[in-house]
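Some structures are shown below for you to check.
Each of the next two complexes has subunit A plus one more chain, namely subunit B in the first and subunit C in the second.
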Partner chain A sequence: MTRALVHLRRAMHWARHAGPARLVLVAAAILGIVAAVRPELLTSQDPNAINAHAILVGPSWSHWLGTDEEGSDVLARIIYGTRLDLLLAVGSAGIAGLVGFPLGALAGYRGGVTDYVLQSFAISTLAFPLILFAVLIVASFGASLLTLIGILAFLFTAQVFTVARAQAKALREREFITAATVSGIRTTHLLRRHLFPNARGPVLVLLPQLMATAIIAEAGLSYLGLGVQPPSITWGTILEASENYYQQQPYYAVAAGLVVTVSAGLLMFAGDVISESLDPRRRRAAAAWPPPRASTAPSGARPAPATKAAGPPSPTSPTRGAASLSPVIAGPGGEGGGSS
Partner chain B sequence: MSGTVGGLVPSESEASSGPLFYVDQLSVTFQKRGRLSAGTGAVKAVDGVSFEMGVGECLGLVGESGSGKSSIARAMVRVIPSRGKFVFRGVDFFGLKGEALRVARREIQMIFQNPQGSLDPRQTARQVVREPLVEHGLLAVGQVEARVEELMDQVGFNWALADRYAHQLSGGQCQRLAIARSLGLGAELLICDEPTSALDVSVQAQIINLLKDLQQTNRTSYVFISHNLAVVRQLATKVAVMYRGRIVESAPVAELFGAPKHPYTLELLGYEALELTSAIGPARPGPGEDLTIAGLSSSGMTGCSFAPRCPYAEERCTREAPLPERVTDLHMVECHRWRFIEGADRTEGDDGAVASH
Partner chain C sequence: MARGLLVVWWVSALVFLALRLTPGNPALLLLGPEARRPGVAHQLVLLERQLGLGRPIPVQYWLWLKPLLEGKFGNSDLSGRPVVSLIGGAAPPTLWLIGLSVLLSVPIAIGLGVVAARFRSSVLDRGVRFVSTLGLAVPPFWLGLLLLLGLAVDAAVLPANGYVSPLTNFGGFITHMVMPVTTLTLYLVAVLTRFVYSEVTESLAADYVRTARAMGLSEMKVVFWNAARNALIPMVSILAASLGPLVGGAVLVEQVFGLGGLGELLLNSVVDRDYAVVQGIVIFLTIGIIVLQGLADVLYRRLDPRVR
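Let's look at the complex of A and B:
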């Protein structure tokens, strides 16, 4: 009970300092996850209900976005369609991240023949048009969600690989990586502690963008009939079905199109916000997650023992009496202070 | 180019403790090669360099940009491939592999030119110092924190900043951290690659004093790379002057600054005298001189590499590469003409530098 209260207080503290961009993204993420996991919480309508008396009618109190050609509620279909779209987006981008990132970072760090072969392979993969590739694969394996995830994961892996490789290649030349090598850090630790964390930023920006691409690609492929097959509902299948009726019931097509556009846009935007939160150089103190507990002292305010009083006054504890009156240039660590 | 043996710069403290290490015929070659194009030649950044050092000594390595100073440093800590020998306390460091190499790395540490760049931007000051201690398992878990604080004290790192990241620290504090990191491993040899050139002048002095203190208290030895001769003069016990990958002159510090023999050394010293007030940059190129690394393809070169710039050069200098010659026991010079410019003192060096403008 009290624990829940503490969490709530911390969440509210975070929300107050997060800024509108983060709030919108978090709200959208919660909405998306709820729609995927428990769609019945968001609508009382059955997405597959057939109603011969309400075919292609406009918005009303019972059908907020109207109905489709079978009399089903459009809003309910969109909500229920979230599940497969999210699965596709998270699945394909997730696989790409888990496979492409370590592979790319390692190849870029190590270099050599393996790197050359993998990079050539990745480049040739990227040179291949997505739609053509999808048609080929779907023609061989049949249209299904798994095929779709496989196609996208494969293409995305090449993209993640390329980005991670470039990062690692640049990092390899940096002095702190050299310094870690020189101080005898084991290669596995060097990769895990220094290389991967410093290489992941651009990949974390890329992953939500890949998820957006996945949603758009799903819409496109479903439109061509290469995507998920009915009766499974995705935003792409809704969009495909709506095209013949946009004059009778414009809300049908517009809603399906908008939901694809808006979610793709939010995902694109999310990448940058995520990378900002993870990079200590760009992190805004208040907006980091998890937020600091109110009770803990601010970091850096380590109470200096009396013997250390010779140093300049700590910038985080300006109330240390006489010490704060002495000029900052005093003491052996005179160049002290941070630049920030 | 030369078939000389090692030990060109015998250690001063040889009799007492023996050499800490010696480097013999160290060469670093960079391949100029693209992915798709075949080999298009090689650049010899370091060309058969030999020296040795005793415990507590400091070898100042001076020379202009591109003379191979940093390549020597990087080759010695094995982050770039090289040929030659580096025997440290009787162990062939270049021959080590795997875990043996990792453990041996403790002894030979490096301080970099860019203090912020040598610290992981995602580590706090405390983590920077702690990491190598934990990695090498030098201390019981409970003692690590105390040791970290002790090290920070030793290098004069400001306590209050222990939980900050590198980008929140000044250059001087970062360099202190880097030194603390090396000290934690108990390094006997610290290779400093221009450790002060990125710092403010007042901070430079503090870092130099810190290194000097450690030299006395810990008997740490240094290979100190700098193009700032004033700094080298303060810290070094002997000095080696590099030009285009060769050590052209080496001598104990007093002798090198007092009685330099090589025309290039004269030029460096003269240049230093002229530009003493400004920060000392790479030496000015001579007329029509290409100082870039691309201009260093020395494979087809005959004769002394300094000859085109040398005010004392004669016909023989362009034809025949000079061999190392001993001026005194500890003073080596690589020049055909050093005997004839023997009388050159500081003032004449200045004149020479000005005249060749």
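Let's look at the complex of A and C:
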């Protein structure tokens, strides 16, 4: 009970110091998760209800965003569509992070032939236009959520790999890594304690951006008829279905597109906010957009709580202390090392 | 050179695996539902032998790769026409769309990015940043549909779809390209502006810019000559890196506006299970991108003495 109270007080403390940008992001994340896990809490309508008497009607009290070509409530469909979109975004970006990050950090740290070969593969994978690659895979494997997650995870892994590798490569030359190497600690320990915590910053910035890409890509593939097939609901399938009704019922089509745009925009914005809060000196704040400053405080220094609060929660404070000895280098955020 | 070989091998292996690791018999897939008919059975056997389906995977891979290396992309399974000529016929609208968008968006992005960086944390800056983040978040084809609705359907200012070759009717070419190019340009401007902004902000804080200001150079000269010039060299790499998304965006956008380019050919081939064409287009575009990225790398090295 007291633990819960402590957490609550911490959360309230965070909320007071977070600033509007972070509050909006957290609110949106909570809304998204609720919509994905318990969509029935947000709407009482059945997303698949067919109603021949209310086809393509405009917004009303019973249908806030109107109805679609089968008389189903558009808002309910959007809410129920969140689940698969979120699963796709989190799944693909998560796999990419879990595979790409250790692989990239290790390759960058070790160097040598393996690094060279892996980097070549990553470069050529990134040369594949996402849509073309997806078309190729879907053409032979068929369209399903798993196929989509696989396609995106594969391409995203190459991206995470490139970023993590560049970061580890830069870290390798730093004194604290040399010192750790010379001190004779085990390599796994060196990686876990010194290399990974310092290399992860740019990857944490990249992950929400990849999630945004996943959502936009899903919409695009659905538009081409290569996405998740009905009766599964995703934002992409809603957008595709709405294509023919722009004139009859603009709310329908505009709402479907706006949901994708706003979600992707918020995710990209989240990447910027993370990038800002990870950079203690904010010297390279230019590497990604700094979010608009709401307070009149000078942009030079910001009180500690904001930086601490937005970072990943660290239950083990001793590790945190050790890690903070080694400074985090903020690399060029989302650009992902285009040159090689 | 070694890297080039690795890249070609990886790309070809990916395409091969994507087309061959299908659940079920690839020969059945290639022949489509017709294959089950009694009269077609011998064709199936023939195709299986031709693809080497009974043999080990590496042998199959080699059998698949060899004609490609010799430049033989085969014929369309559907129309029997050579894949190369099909691609050649469909390429112009796509290439025009991409080329014009790049030409337009580079100066726009430089202008917006430099202005936003110079007047940092002003309304102008915030506006540019907001629009640019928005531009990345909007699905390009949806934006295209909105444009279509506004300009072609209701107002009927511009033709809604189709493509006219610039050689036959230049005016028609322009009017048909306005909306697709605008759609793709908005996306590319968003990508590039973000980049220009961050580079110019960084170089505006550099010592040589302070020196230039101290020497009494005009602000215009400092910003555009000293700060922006250095910051813009890496633009070459960024453009090269955005080629992939650009081609993907072009496929979607041309679908919206019915330009009938490579995207349409690709999608129709997927629907018709015309694998020779699908494979040809994917290889053609990917190799094109890799070659352009290699050229960009060389160009970058020549432009920037620091990388040499």
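In this section, the second predicted complex is superposed on the first by the 266 of 340 C-alpha atoms of A that agree within 3 Å, B and C clash if a C-alpha of one lies under 4 Å from a C-alpha of the other, contacts with A are read in each partner's own complex, and residues count from 1 in each chain.
Following the convention adopted for this analysis, a contact is a pair of C-beta atoms (placed from the backbone, for glycine too) under 8 Å apart; a residue touches a chain by one contact, two chains touch by 3 or more.
Predicted model only: the values in this text are computed from it and were never measured.
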Going by the contact rule set out at the top, does A:Tyr223 touch subunit B (first), subunit C (second), both, or neither? second
Partner chain in contact with A:Gln247 - subunit B first, subunit C second, else both or neither: second
Which superposed partner A:Arg16 touches (first subunit B, second subunit C, both, neither): neither
Mind working out whether A:Gly184 is in touch with subunit B, subunit C, both or neither, as first, second, both or neither? first
Scan A:Val262 for contacts with subunit B and subunit C and give back first, second, both or neither. second
After superposition on the shared chain, which partner residues are touched by A:Asn198: those of subunit B (first), subunit C (second), both, or neither? first
Quick one: classify A:Leu132 as touching subunit B (first), subunit C (second), both or neither. second
Partner touching more residues of subunit A, whether subunit B or subunit C: C
Applying the touch criterion given at the start, work out whether A:Arg174 contacts subunit B, subunit C, both or neither, answering first, second, both or neither. first
Can you pull the subunit A residues that subunit B and subunit C both touch? 116, 299, 332, 334-336, 338-340
Touching residues (chain side subunit A, partner subunit B) in the complex: 116, 174-176, 178-186, 189, 193-194, 197-198, 280-281, 299-302, 304, 308, 311-312, 314-317, 332-340
Complex contacts: residues of subunit C adjacent to subunit A: 3, 6-7, 10-11, 14-15, 18-23, 29, 117, 121, 126, 129-130, 132-134, 136-142, 145-146, 149, 153, 194-195, 197-199, 201-202, 234, 237-238, 240-241, 243-249, 251-252, 255, 266-267, 270, 273, 275, 278-279, 281-282, 285-286, 289-290, 293, 297, 300, 307
Any idea which subunit B residues touch subunit A in the complex? 35, 74, 77, 79, 102-103, 105-106, 108-110, 112-114, 117-122, 131-132, 135-136, 153, 156-165, 167-170, 172-173, 176, 178, 181-182, 185, 200, 202-203, 206
If you look only at subunit A, which of its residues touch subunit C in the complex? 116-117, 120-121, 123-133, 135-141, 212, 216, 219-220, 223-226, 239, 243, 246-247, 250, 253-254, 257, 260-262, 264-265, 268-269, 272, 284, 286-289, 292-293, 299, 332, 334-336, 338-340
